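Chain lettering (A, B, C and D) follows the sequence in which the chains are written, and residue indices restart at 1 in each chain.
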Amino acid sequence: MSWAIEIEDLTVAYQQQPVLWDVDVVIPSGQMTAIVGPNGAGKSTLLKAVLGIVRPAAGRIRVLGRPFRAQERRVAYVPQRADLDWDFPATVFDVALMGTYGRVGWLRRPGPAEHALARTALERVGMTNLADRPIGQLSGGQQQRVLLARALAQEADIYLLDEPFQGVDAPTEATLLEVLRWLKQQGKTIVVVHHDLSTVAEYFDWVVLLNVQCIACGPVGEAFTPDNLRRTYGGRMVTPVLSTTSA
Amino acid sequence: MSPALEILLVAVLTAAACALPGAFLVLRRMSLVSDAISHAVLPGIVIGFLLTENLQHPLLLVLAGASGLLTVYLIELLEKTGRLREDAAIGLVFPALFSVGVLLIAQLADQVHLDTDAVLLGELAFVPFDRLQWQGIDLGPRALWTMAGLLLMNVLLLWLLYKELTLATFDAAAAAVLGFRPILLHYLLMGLVAVTVVAAFHAVGAILVIALMIGPPATALLLARRMPTYLLLSLLIGALSALPGYGMARVLDVSIAGSMATMVGVLFGLVWLLAPETGLLARWRRHRRQQLDFALDLLLLHLLHHEHQPAATVERHQDTLPAHLNWTSERLNIILAEGQRRGWLQRKGPEVHLTPAGRARATQLVETLAPARSP
Amino acid sequence: MGRPRSYLLTFGLAGILLLLTSCQATLPREDGRLRIVATTSIVADLARQLGGEAVEVTALMGPGIDPHLYRASEGDVTRMQQADLVLYNGLHLEGKMGDVFERMRALGRPSLAIAECVPDSLLLRASGYGGVYDPHVWMDVRRWQYAARCVAETLARMDTARATFYRNRLTAYLAELEATDAYVRRQSATLPPDRRVLITSHDAFRYFGEAYGWEVHGLLGVSTAAEAGTADVQALAEFIVARRVPAIFVESSVPERYLRALQEAVAARGFSVRLAGPLYSDALGDPGTPAGTYTGMIRTNIDTIVEALRSIATP
Amino acid sequence: MDFTLRIVMTGAALLGLISGSLGTLAVLRRQGLIGDTVAHAALPGIVLAFLLSGSKASVVLQLGAAISGTLAMLWVQSVVRTTRIRFDAALGMALAVFFGLGVVLLSAAQHTAGAAQAGLDRFLFGQAATLLREDLLTMAVTGALALGLVLVFWKEVKLVLFDEAYAAALGLPVRWLQTLLIILLVVAIVIGLQTVGVVLMIAVIIAPAAAARQWSSRYGRVLLLAGLFGLLSGALGAWISNLAPRLPTGPIIVLLLTVLVLLSVLVAPARGLLWQRYRRRRARATAQQAVVAVLQELAHHHPEDYPHPTATIQAALGANVPVEAILRDLERRGKVQHKPGQGWHLTNPPHTP
């Protein structure tokens, strides 16, 4: 099996608070991988470390056998929906087109080829008829589809998705899954930060159980065991969300 | 009382009076409302002057306060449409009101010395010369009394509404459920801000009022973890920035209010840099100190982790360690030396091994880390 | 909280130290001279002329300072506190400061608004709203004589031992003012009446105009903080072209660029007007220069004006 | 047209164009109030520039203003990045502290710099009527440079404004682009200071963008419209202030802009409040007709006052229609009657054929 992403001894700390501790993770090429763990387990941070958005305190990350910085265009990122300002003046098509900005490069504008890419991507997620709609008028599921379309337009080899199924309606979940499976058929690698444990076995081939440390990493059949889950969630399946109530 | 002492006292009282509502403004992310109010009172003052033809008339202050409240109301109104964000709402309302004021002056009172500066800016330096007298007895500067009254009012109101305001600030929904009427509380607080701004800038000038409303609470936020400490520190820091501010004004013979406002910034800068635990310097030093501990723990964990894996001999080899941990070999050597000194590591030829003590520590680390860790 | 407290303590101690050093008592006058604090340099000059070596005069506003925009410094407090007498122009020239002095007087601290010594009938009402007077009375030397008498009287009253001294100085100074007044009239008379048109950046010369027969226009209102409208610039430019005014005058306390806009507007109408000056309006020139005293300033001004307007206007 | 009017109108229009379009960059990030801080923070820079150079030339003072404005914003940024202090508090503090420092320097200059310092703080008052031709040139050149940069980095800027994390993942130098944005904004503000003054500057930054946002949901169009709105209100404001004496240009422009924003919020096609109300009313009328139609249809098959349960009507219209509320509304207007526990029927049913 060849690895799309190899993470060795990765440690990430925000102001000396370790968020990821000595994590070793491998993610196989051409498969769908879920990253699972409680809140604050460092799932999003793991993605951001792979993307070079956060700087690790120690460790090595290789994407397709090479450092990420050399091939940022081969990795597409779908951030959490809630992190974006949906009142930004842009249409669905504009957002999809942003996926091509990487390949267009500095000083140039997207041309007909890029427009075609964005259109195809929107078609793939079933948003063609909404292409001219302002993003401010989209439902949560539609927002998620646009973000996926943007990633598709990037024509990457690896897709990193941060909680794409969070708070979307059932049809959208089905569409998203369908698109992800289609990507997989194309030989792409898909990595999803996932919160719904009940669907892990159904949707994914490979799973990474994470809670600051890597608890387990492997094919779903082997790694996604009750024992590992208990170790990941510390005996409880729900961790309390500690509010930051200090002034 | 010497005039210097009187000025200082007024400054300290003003700082304390401003810090209290300011602390809530800062928490509610509405700091710039203070600036908005300080400009938007102009039409109130101008209309007051046109009605009374007297710049000293108390009606001016009343109308100024009213325009302050109007500002807050209009900002709220615009925001509620959902079409404008808070920054845009603030940035539209107060320049519009200010423009109305300027136009009124230009149209009706141009020849009068109703300069925006003269009206808006009280001057701290003149505080000792505007005194209150009662039956021939000198009762001290007028501003001393107004500021003391203002402080008293603010302390009293905030003491009465402390828990409601605190709750409404952190969780308006919860406050509403508990029947605290967050809207009412909001307007009460804003009314307090408006009155404080108007009364205080009449005594010390607009810019110092804004500095004192935002600066000390922001500084306190760097130090405090709990609400009461935060409020208390805001008060204290506000009062304290007055002292070096006055000192600087004296040494350099410059504007007192300007120099106090500058000192608010300097004090903030000092705390930002030097605060224990959260200060930049402390963080940097801790970072340096902990880096070693941290790296050592990391190495222990790494070794423990790979101890029983087939690749263990590779993982613990001193030539592969730097590459795997992304460390230089010099750094590795420093950390190895420290690990050996603490008796956690031992070298076997080119391999690095955990001692029993080291293994115990690593195991303990693993246990304390994973499940218990919360954000 | 242990450590923050120690930081705060340090700041507190530092502050208290500063406080202690600032509490020095008013020093007794060993030379018996009256301490006079004056707001503008023009008022200060009057005090110096009349008090001579018997008084020690401090001006709060240095040369070139526009009284409307003055920002008080810490030293001003001490200076005002230790003054035996505060002299200020009044008629709202000093903005908020004027109110302060008025209150000081109400509290029995001697202060004198010298422009208010001029009889009301001789004061020009500011046009527009309200019953407020134009404060620039010093621009007419005769009106300034009222101020001089007033100041001398006050000094004589406060320092009875030197009453005669002050009265003698007053007589001498009144003569000097008389001579200056005559000089201004002579100089003005060298121009034909229809050429006596004075255009400045702000409306400080209305008393001058009224006293010496000049037509006076200012680009800005009385208060220099007011904003000129486009219409004001146009109207003045039209006027300059119509009357073929050869020069307009920059004032020391108002930026030159305002008048340059007027100059450009005139140029666009096919006429050329010269920027002359500076005229001293709200403040004297630097000490030691001819415009460093009041009479010197008045003479310098009229020389500058007449000199610039004497040249024939060139279309 | 008159020369002065032409100059002032051109200047105000240029200012509106530049700050309107550049201001959009801040407003879209909810950071419009940066304008207030930068405008105030210009003061110490102006005074220092004069003290160091001895010159009161606009360009020199503007350079000083730009430098201190940028410094203030860098301070704000690093405070926000390294502490728990929010953006608004950092902005407010920078505003007051920098302006306070400016006042200190100004009062020091009054004592030390002699007659030459006169009128320094006038730079902060708007004096649109006294704009010079050379001012227009400075405005045009700096404005063109700034807008040119926006064009050159068009898609990068757009991406950073909308989605920083994605921009970073694409390998864009986000930090660097953010600094560029701030510098562009500082340029816009410094250009406008001597035309509209320190207090009103913020409206010229915020209002055009706020108005433009109502009319379009395309980034490029919002930018263009904001520039256009700024340009028009600038020119029109200058023209109006020319109509009568004592109408200062700055406040007129600001009031025009305010009216423009209010109008936009009310009548802009997609987002206008009036349209929204109209659409809601229309939707309610349509829904009412639909409910009545359903009841009429049902009445054909049942006795006149046979009550139909809400669920039946709901099922006929689909889950999206607020049937209950509509029925209550119709009941108030006497169109239907409610039999408690049973359902609804028309008060005036069609005659069965």
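Basically, a contact is a pair of C-beta atoms (placed from the backbone, for glycine too) under 8 Å apart; a residue touches a chain by one contact, two chains touch by 3 or more.
Here the structure is a predicted model, which is why all the values come from computation and not from measurement.
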Check B-D against A-D and say which one is joined by more contacting C-beta pairs.
B-D
Which chain's mean C-alpha position is the greatest distance from subunit D's?
C
Centroid from C-alpha atoms only, then distance subunit B to subunit D, rounded to Å. What do you get?
26
I'd like the Å distance between the centres of subunit A and subunit C, where a centre is the mean of that chain's Cα atoms.
72
Could you put a whole-Å number on the gap between the CA centroids of subunit A and subunit D?
34
Distance in whole angstrom between the CA centres of subunit A and subunit B is 37
For subunit D, residues that touch 2 or more chains besides their own:
30, 103, 106-108, 111, 213, 246-248, 250
Listed in rising order, subunit C residues that touch 2 or more other chains are 69, 71-73, 225, 227, 229
Interface hub residues of subunit B, defined as touching at least two other chains:
85, 102, 106, 110, 221, 249, 252-255, 258-259
Full enumeration of touching chain pairs
A-B, A-D, B-C, B-D, C-D
Contact set on subunit D toward subunit B in their complex:
27, 30-33, 35-36, 79, 82-108, 111, 199-200, 202-203, 205-207, 209-210, 213-214, 246-248, 250-252, 254-255, 258, 261, 265, 271, 273
Can you list the subunit C residues touching subunit B in their complex?
1, 3-4, 7-8, 11-12, 14-16, 18-19, 22-25, 68-69, 71-78, 80-81, 92-93, 95-97, 99-101, 103-104, 107, 109, 126-132, 134-135, 221-223, 225-227, 229
Residues of subunit B touching subunit D in their complex?
26, 29-32, 34-35, 39, 78, 81, 83-88, 90-92, 94-96, 98-100, 102-103, 106-107, 110, 207-208, 210-211, 213-215, 217-218, 221-222, 248-249, 252-255, 257-262, 264-265, 268, 272, 278, 280
What residues on subunit D touch subunit C, complex-wise?
2-5, 7-8, 56, 58, 103, 106-108, 110-111, 114-119, 121-122, 125-133, 238, 241-250
Over in the complex, which subunit D residues touch subunit A? Could you list them?
28-30, 152, 154-156, 158-159, 161-163, 165-166, 168-171, 213, 216-219, 221-222, 270
